[in-house]
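The following pair of complexes shares a single chain, chain A, combined with chain B in the former and chain C in the latter.
For the complex of A and B:
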């Protein structure tokens, strides 16, 4: 017989119409393999239809369900009840919205505001190199790709930015910094100056202090701090 | 998703005693041990700024003897605790330099060494403070320590100098590399004087006996004051978003460092 847990979820609520913030506690009995998004859905159906939260793909690919669970930024769509209990050693969880963007309602934040940082880092090739004559594509050796392939798994969930020691008030953020760094490692990119200007500015890598919280919380297991350290090393 | 990572890497290798402290282990669960160490680096840095301020103030000539910090046991403990903070801050700074500038990514062992050596260093300072019967030639001691500090600083400088980094950031790393040898050496030197273990003034006077050790003292003071000033600026710049508040606080930090420079020159003029 599978285990069952009696959970207490204390969720930070925000009602923008009344400008009211408060914590609300819900108790649920669940099995071990329900995800936190499933818990939120059950709260909506069984206890409180007004609790607002976000998700989209629910397969850890869109990053829209990031929340703080007992202070740790995580994806609610891939956090299983059993794993959460093992990780925190408790069945009591405090759930809060991330702080990297303004809260719209309850656990919903304005992701577009958070994305502004990533847009500034231009997560695309600004000026791609011309194709070699007679070629229809660029050939990149597996060895070169291996140096940065890991970073291309980033889904911009902003868990790293939320966890960052530097607080991300004045820092463009680990994921945005990495987005720029990865494009500089791409041999097809010719426009590096603009990226370097942002990286070596007061809102760039000088706000990173190698606390590696970004790498620790990344749900895609990307060693974000390693990529930022490449820029500190002057690798570009 | 991998959630059992607490049992691996740094979490498993860190001193077990830290894992028993509830607040620290809670932080480590949410952000990782490196995050905890990052905060320890900041807090020890702030502690050292306070300790340096008290030290400079105490060494400089005061208008009245009453204004001096008294030699109470609690201050001896404060001095010893500062050696623990200095050892940790220096060794962890060295670890960060190796990670950021020399590509040393497998630093779990480095973290163990940082904690282990910090404790060993503080124990040695504590022993010297109690024994009070050591003697070392100021010239010979500082020839060795200064040379080691300069070589370390040069190794870092040659690594960062041609990069695009801003001059203040580079100087922070270079001064840090020098201080990582020079500050622990300085604290040792304070207690390596026969029978004067409580008298930093006598140790500093010995450093001014000849031109070379006088220059060492000046270099140590300049590097410490710069490193402290930029360190404070860096912490402030992380958390203060308003431009006006940042400008005001930057001015305040500069004024604070200027006051310390003034007191340092007064020590030199004794």
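For the complex of A and C:
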């Protein structure tokens, strides 16, 4: 428990006032189970209050703190120092903002812009099915739900979109596509036509090159590529 | 440097909802369903509404299913009244409990992925303190979506608000309420990302800013829960209610404080101190590790205080162990899957073979902005502020009294979101928003002071000191001396905060400036908590005074505290509604003053 690491964090910074971009290096001595968000906070308190970064729940339930660590999109709140050292085989880390949205300052991006894709995918039941007569709620068998339950765990951290080979161009992106696929599979959605139009549109799932990078980087361990494959087959 | 701050623009809407978590967006969705023609602004501090703290709630949503012959609303009301240590308002309890199942249906019809039983019906699970027949047996009353019920609710209300056409204003806080002739007519917003102040004029304003857990060093609350709503209320000269009623969850994971579910103990986990002694046997010989939350929390704190805790070197935090090593593999892999994975993720420990570090963690503030059963904000026990509403954790109606039952918070935020929405609509019919003068002058002066401050103090360090002090002196255990020290210490921290400069002067995404403002909010909240706890010379629910360990009828009222000058508090009282008891109806005798014993 008394192990200590000497870390070098090189953070990409952006000052919107001066339109200045640069890399800044911070060194910290830290124990093994501090998270990267704890390191950012320590930098703020001990070294540099001006470094801006985003987080909210800080336990992988909200998806606000996605950053690139040595090129890999990850949640800073669940990356422990010791695990990072083992994963990358180094104590030197380059930390950059994700590129799925414009940078506002330092590691803070404009998530609202990234979410426009999810909003286009209509993350709600467009037209909910009416209740059968005499029923007060729908009956849905656990087996039916099990087919898409994994996809409902998505927190829109956009790590998949960041890693996706296709999403920077014309593809709506893996997480936004999945928001539509879940509702295609939900028996309570009656607007399947509109959903298909969205999924098979110009920015739809045929833009996906099946690199499966999405599944590889998902912090929630969702097999995103599996759901996109189902949609390509029409096997909802 | 030296740029003059100004109100960038003035916006107008019908309803201004400040806080777009579960409560705020339930309210927005309701208003859109009834009145699609209205313009609703949903302001959120986080980057997008889906990032709200409601999304982290795990266990369930309490609601009595009218189809269930074994359960009844009356049983749920009794449990809530008893659990709240006879400090809930019975009119509010009745209303919220009665509205529960309607909310479950609303969510289900709109796509929430509630867990199902084999027949495809909505599953229910048991939760601590929820009983049938007035404590005779366990109630199956909590509907859930696996271990992410809050996320299911958040995704549904966000989707519905979006579908209805709510206008989201993200990464934005409200810094000042606007009034005209005593009526609330909107608020000044600080758009953090853009660095702009705007005046938002509204027919009705709803505060739904969430919790204030960041007042404490160890908390299950998110980074953004800095008590902004209550602080803005205090600055408007209005009171907050029962701030001293703060719930601590016994088992937060060291270090961040992430909630490790009660299931740890109910599945057979054993709490141990540094000598590996199963110490709960000394504090609760009968119930041992299954004793109620507050007793377990106090026992753990006592072990730590008496030197039988363990120091975590990374987080510099003392804790005890929870021992799960003796439990069969399938319990780790199935029943405790989520929390076992939390220990792995946040402490790199395997709960099957290693002891896991836990300690009490601030969890929920029962108190908040006082409202009546319609969500209308009160300026005193018997007068409201027209045009101003408050719902969710920032508000206090009060359903939870001095201690909240698990799964009752999700119930409350949904029902009160809808009820406040109803009231907003009837209020809009009768009233039009008059214009306002001098909007934002107080905000601009405040932020100018932050930007101009000089000195050697450090916002982050002051915040750290405050949080550690609050955990130590105004936490699970409280006493006269400690509370007086806390009040003095807060005054000192407030003075030092004035000498903390902000290095970045550019307004866009100025995290330093935001954190400086948050520090003032945290200090305001901390001061009312400490002062309320000092005033209340008794123990009630989660408020535990070592020097006054019993509940006292002398304090059978809600605390109202207002504070226009930091530290100078003014107390008032609000009677606790006992209308169920006084109605003389069936089982009314169950709703009298009783000891909270399980």
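The rule is short, and it goes like this: the second predicted complex is superposed on the first by the 233 of 236 C-alpha atoms of A that agree within 3 Å, B and C clash if a C-alpha of one lies under 4 Å from a C-alpha of the other, contacts with A are read in each partner's own complex, and residues count from 1 in each chain.
Note that a residue touches a chain if its C-beta (ideal position, glycine included) is under 8 Å from a C-beta of that chain, and two chains touch if they have at least 3 such contacts.
All of these numbers come straight from a predicted model, not from anything done at the bench.
Asker: When the two structures are overlaid on chain A, which partner does A:60 contact: first (chain B), second (chain C), both, or neither?
Answerer: Touch status of A:60: both partners.
Asker: In the superposed arrangement, which partner chain does A:226 touch: chain B (first), chain C (second), both, or neither?
Answerer: The first partner, chain B, only.
Asker: Answer with first, second, both or neither: which of chain B and chain C does A:127 touch in the superposed model?
Answerer: neither
Asker: Once the structures are superposed on A, label A:116 by its partner contacts, choosing first (chain B), second (chain C), both or neither.
Answerer: neither
Asker: Let me test your reading of the model: by the given contact rule, A:105 touches which partner, first (chain B), second (chain C), both or neither?
Answerer: second
Asker: Who does A:142 touch here: chain B (first), chain C (second), both, or neither?
Answerer: second
Asker: Quick one: is A:83 in contact with chain B, with chain C, with both, or with neither? Answer first, second, both or neither.
Answerer: It touches chain B and chain C both.
Asker: Thinking of the overlay built on chain A, is A:196 touched by chain B (first), by chain C (second), by both, or by neither?
Answerer: Only chain B; A:196 stays clear of chain C.
Asker: I'd like to check the shared interface: which positions of chain A are touched by both chain B and chain C across the two complexes?
Answerer: 60, 78, 83
Asker: Inside the complex, what are the residues of chain C that reach chain A?
Answerer: Those residues of chain C that touch chain A are 46-48, 50-53, 55-56, 67, 104-105, 108-111, 113, 115-122, 145-146, 148, 151-152, 155-156, 158-160, 162-163, 168, 170-171, 193, 222-224, 255-256, 258, 312-315, 342, 345-348, 458-461, 464, 502-504, 506, 508-512.
Asker: Can you check the complex and tell me which residues of chain A touch chain C?
Answerer: Those residues of chain A that touch chain C are 1-2, 15-17, 30-35, 38, 41, 44-45, 49-50, 52-64, 78, 80, 82-83, 104-105, 108, 110-112, 115, 119, 122-126, 128, 131, 136-142, 145, 149, 152-153, 155-156, 183, 186, 188-189.
Asker: Along chain A, where are the residues that touch chain B in the complex?
Answerer: Residues of chain A touching chain B: 60, 70-72, 75, 78-79, 83-84, 86-88, 163, 165-167, 169-171, 196, 200, 202, 206-207, 209-213, 215-217, 219, 221, 223, 225-226, 229, 232-234.
Asker: Spell out the residues on chain B that touch chain A in their complex, using ranges where they run on.
Answerer: So the residues of chain B in touch with chain A come to 1-6, 26, 29-32, 34-35, 37-39, 41-42, 96, 99-103, 105, 160, 162-166, 169, 234, 237-241.
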